[in-house]
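Letters A, B, C and D mark the chains as written, and numbering starts fresh at 1 in each.
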Amino acid sequence: MTTTAKPAKNATTTHRSRPGVDRRPRTTEFEMLRDMTRIRRFEERCVELYSATKIRGFLHLCIGEEAIPVGVMRALTDDDAVVSTYREHGHALARGMTMGALLGEMFGKQSGCSGGRGGSMHLFDAARRFYGGNAIVGGGLPVAVGLALAEKMRGTNNVVACLFGDGAMAEGEFHESANLAALWHLPVVFFCENNLYAMGTSLAREHAQTDLALRAASYGMVAWPADGMDVLAVVDAARRAVELARSGSGPCFVELRTYRFRAHSMYDPDRYRDKAEIEQWRHRDPIPALTEKLRAAGVLSDDDLTEIEAEILTEIDKAVAEAEAAPEEPVGDLTRFVTSEPRREQ
Amino acid sequence: MTAQATAQVELTYREAMREAMREAMTRDERVFLMGEDVGRYGGCFAVSMGLLEEFGPERVRDTPLSESGFVGAGIGAALGGMRPIVEIMTVNFSLLALDQILNNAATLLHMSNGQFNVPLVIRMTTGAGRQLAAQHSHSLEGWYAHIPGLRILAPATIADARGMLWPALEDPDPVLIFEHGTLYNVSGPPPDPSISVDITSAAVRRAGRDVTIVTYGGTLSKALDAADELSAGGVEAEVIDLRVLRPLDDATLLESVTRTHRVVIVDEGWRSGSLSAEISARLVEHAFYDLDAPIERVCSAEVPMPYALHLEQAALPQQADVVAAVMRTVDSRA
Amino acid sequence: MPSLGADMETGTLLEWLVKPGDPVHRGDVIAVVDTDKAAIDVECFTDGVIEQLIVEPGRRVPVGTVLAIVGAEPAGQAPAPGPAGQAPAPGPAVTTAAHVTSPLVRRLARDQGVDLAGVPTAGPGGVLHRADVEHLLPRKRDRMPAAADHLAPAATRRAMRASPMARRLAAAAGIDIATVAGSGRDGEIRADDVRRATQSGDRPAVPNLVRVGGTTAAPTATAPTATAERHPDAMRQAIASLMTRSNREIPHYYLTTTIDMTAATAWLRARNRELPVSERVVVAALLLAATARAARRVPEVNGVWVDGELRPASSVELGLVVSLRRGGIIVPVIADAAARSVDRLMATMRDVVERARTGHLKSSELTPPSITVSNLGDQGVESVLGVIYPPQVALVGFGAVLDRPWAVDGMLGVRPVVTASLAADHRASDGAVGARFLNHIDRLLQRPEEL
Amino acid sequence: MTPEHARELIEQTLLDIVPDADLAALTQGVDIREELELDSLDFVALVERLSERAGLRIEEEDYGELRTMDSAVRLLTMHAAGSSA
């Protein structure tokens, strides 16, 4: 099976290896439910930690959008590359990065995946080919195209997954990148997380043509929309797109329609959205949706849920404790990594 | 090839750069060239003429007019294991890619705690003197020299044009090479390929005891001419070619200035907030007690570069300006 | 309650040392406070009169609490000068308890060292204006000895422009940069000026371009009126620093000899009788001529001491100490003095001295001498034991030519004599050499016609 | 030459040599060289200029006559009288 990425499998293995937990084989759906819940609970704890001033700076949460990271990452192999945005906790966790690496980073500690140099918006993991963590809207797209160019020139079979929001579709870099990728038939998949708002500006107030897939298609690539609130729909679309790109037919574009339940960043007054609209989208929360579905199918019990929550809570507590205890990067190392260090091997 | 045919006699700066690219692509399969019209057209300034035929369209890639897109793609390709050479037609156009150069190329290594380095080389034309007016003629390399994480090169000689590219490609981090537009047709004897060229130090192009003229790129020849003129009047100017605009070779500058005690900085960039300002500040910081006269700067007039020849020349640093500035540092009332 | 330690948050007032109505001055100890660590004296930071004691002894209060109110001086009573030499406040003493001041006024006061508490104001509402502060300044300046006053050097510094390198060299050489003549375009002092001033000019200047004059003790070198007259202090300081350096660095030894001037004066008188008035020669010219010729024969006294060694000069560059009418001295040089006839020496000396005094010396006359003569004969003294101008190694002094009893061939007679003295650098020469030098002078003066 | 003329001539010459000389201080019996701090060169200059302006040759033997203002005036008037006679 190539459908389960190794990093994700690693994360899964951690749970499975825990005595007493792995009582029976898990279905893919069950794992996806657990992965989404894991992201949700993690971010909820981030809110608390932010309020307690443990986390500072900008903190962008993907609560409500968890189906996308979980679904997309499942469609990738270890050797594929991921280029993400500043709302990337979910992507990072689903790609297999540990909570400890993320929380350490948000705490500004040495144990963080970027040694405290990046923070919430700049999560990186070379081992998992996770290229960040880009906080310039649209800025990651040309890089993803270049990564895909390298894959193509090196003759690999790898694909680059490029995630970005609807706001990036207004950036010139989207259009330059889409054109270049299509022109050169590069193996890149553009995953547009359309949560209807570019910060506080709604899609309709920002785009003359709000059918984003239609616009992407104009560059000569396959493009279609999918329900970003349904993890099964996401994973299905992502697999199709990734296989298409891997086949050498060039880039494709998937518009994943989703919604964030919380503000753009922490303590955003959220005056630009109708409360009713938020409530309406909450009814489509991907986690309860999948939960109900699995219950209905008889493959999920209350005990399972309790167990999932307990596992996640333990993982979070452990990560928080680790991050608290972790040393800070020495100030003496402030200027490290401005240029490469000779001893460093990649 | 044309360049090979003439290599035994004289080499132009353009040919030297082309030779350097040819050598790099021959030596390392990961090296490829991309940019606007680098392939079929042969390069806006004909630098890459013939390379498409030699290396094919995969490795000599014409790009659409999307500076941010193809510079970002260069970054991505570098991250992905390639060694791209990205050509941008002029420094003015590079501003369209400034986001990629600053926010990604220069930043990724640090932001990722050393996980992702960007072994990318970006070449571009800079400078005025060809009546290309205000959107093709500026000298903005000083801006780039402001950015930590980048190495900024300004080859001013045939030897440097020929020799700087390879070490730039070997650098694990992004390197920007600024080629002054007036240099392409300058010719000289082909450099000895056995002499390695570094991308770390400034070069003393002319020794002198009375004043240090600091310059780089397109103004080097003006500075050298000025030094000759001054020599006839009894003033021996030392001329330093910075070569590397970032990181600056402070040691060479300080060594010279502590001997001559007088400094004239010639920089085709605008004076305000310029590279010349940075050098001036460093010399004041580190050689204050060795300065025997105020530091003089010869920069471009603070106007967008005009088209008309006489206006353009009036806006640019000239030999006479350099001579006058030197004289202000060594002149006395008596 | 003052903070008497970084970690102090509160303090207990133990004792008042003043009572209401007491005049207090800045620096007075007015109370004792107990911190958690010790009993500490509390200083008053202003001048005035205690109006009210607010915190009673025994009370513990936070840092920042007002302990007492200090008012201004009662009207008509001038405050005593503060520690900083603060000027009394004469004139209409309309002092107020609470001066209102602008930042500009505060800065002016700070820069000029004026304590605003002592400044009377004529303005309404106790508002202090700039004029109130400036009103005090000339008087303040007047009453301070210029050299000791920090204001005066500040003024000098402002007028002087020197390159950083020149400053560094001057500091290393121990000379006051303000005394160095600047050769820069606007008179700014450059490294070569300092080198010349220290006479260790081993580095040639940029030829033809920056070569200018300069001299050891002559701040007036190229701009006498601009520098010396406007800043007589500068010259005083120049002399002070140079002479201090000399006495610090040079191990002087002194020799004197008395020379019979009968032959010399007789020769002069006879000669002057024949010459037009404008060409008459004074005895000083003879003394200079003899000194120059003697110096040529004794290279140990004619040169400079640089980098631990004597560098004899190839010619005798004779420095002549010229006292200026308004005080101070300047040392023009008579180039290659040993090669000049007495007549030429006389003419040169007259010319140079006159121009030295009117501030019109040429830079060539301010190049470093190789030996200096100080002739104080006209001032009537008998002998001069001088201080050598570093880095020179000798200074020759002459007193007045006086009639003295003198034994010649066993007979006592009255003869005109002069006391010649040598102050010499013992690093460069020994007494025997100095003696030989003085004897040369003596012998030369016995045969003036040969000079 | 009248004494007034002679005095004027002397004062003029002294001012040439010592521009800010306080001539009022040169009262009867006051030594000019001492008061104005004239050195031998100044004195030679004084002699030269007086000789020139008065049209007479002041010999070294006469230098003593230039000690005070009164004697100097006397010297000039007498010499002038003698030479015109």
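Worth a mention:
Keep in mind that, in the parts below, a contact is a pair of C-beta atoms (placed from the backbone, for glycine too) under 8 Å apart; a residue touches a chain by one contact, two chains touch by 3 or more.
In this text the structure is predicted, and so the values were computed from the model without any measurement.
The chains in contact with chain C as well as with chain D do not exist; no chain meets both. Taking B-C and A-B together, the chain pair joined by more C-beta contacts is A-B.
Centrality by Cα centroid goes to chain B. Chain centre most remote from that of chain D: A (centre = mean of CA atoms). A separation of 109 Å divides the Cα centre of chain A from that of chain D.
Note: centroid distance chain B to chain D, computed from Cα atoms, is 79 Å. Work out the mean CA point of chain B and of chain C, and you get 53 Å between them. Chain A and chain B, compared by their mean Cα positions, are separated by 41 Å. Within chain C, not a single residue touches two or more of the remaining chains.
Shared contact sites, meaning residues of chain B that touch two or more other chains, are absent. Residue positions of chain A in touch with at least two other chains are not found. Chain contacts in this assembly form an open path, with each chain touching only its neighbours along a single line. In this structure, the chains touch in the following pairs: A-B, B-C, C-D.
Those residues of chain C lying in contact with chain B across their complex are 163-168, 183-187, 190-192, 206-213, 222, 363. Note for the complex: chain D touches chain C at residues 18, 20, 33, 37-41, 43-45, 47-48, 51-52, 57-60.
Those residues of chain B lying in contact with chain A across their complex are 32, 58, 61, 63-64, 66, 68-82, 84, 99-100, 103-104, 108-117, 148-149, 151, 172-173.
Contacts from chain A toward chain B in the complex involve residues 81, 83, 112-118, 122, 124-126, 131-134, 136, 139, 141-151, 153-154, 160, 172-173, 175-177, 179-180, 183-184, 336-341, 344, 346. Only residues 269, 272-273, 277-278, 280, 282-284, 325, 349-350, 353-354, 377-379 of chain C touch chain D when the two sit together in their complex.
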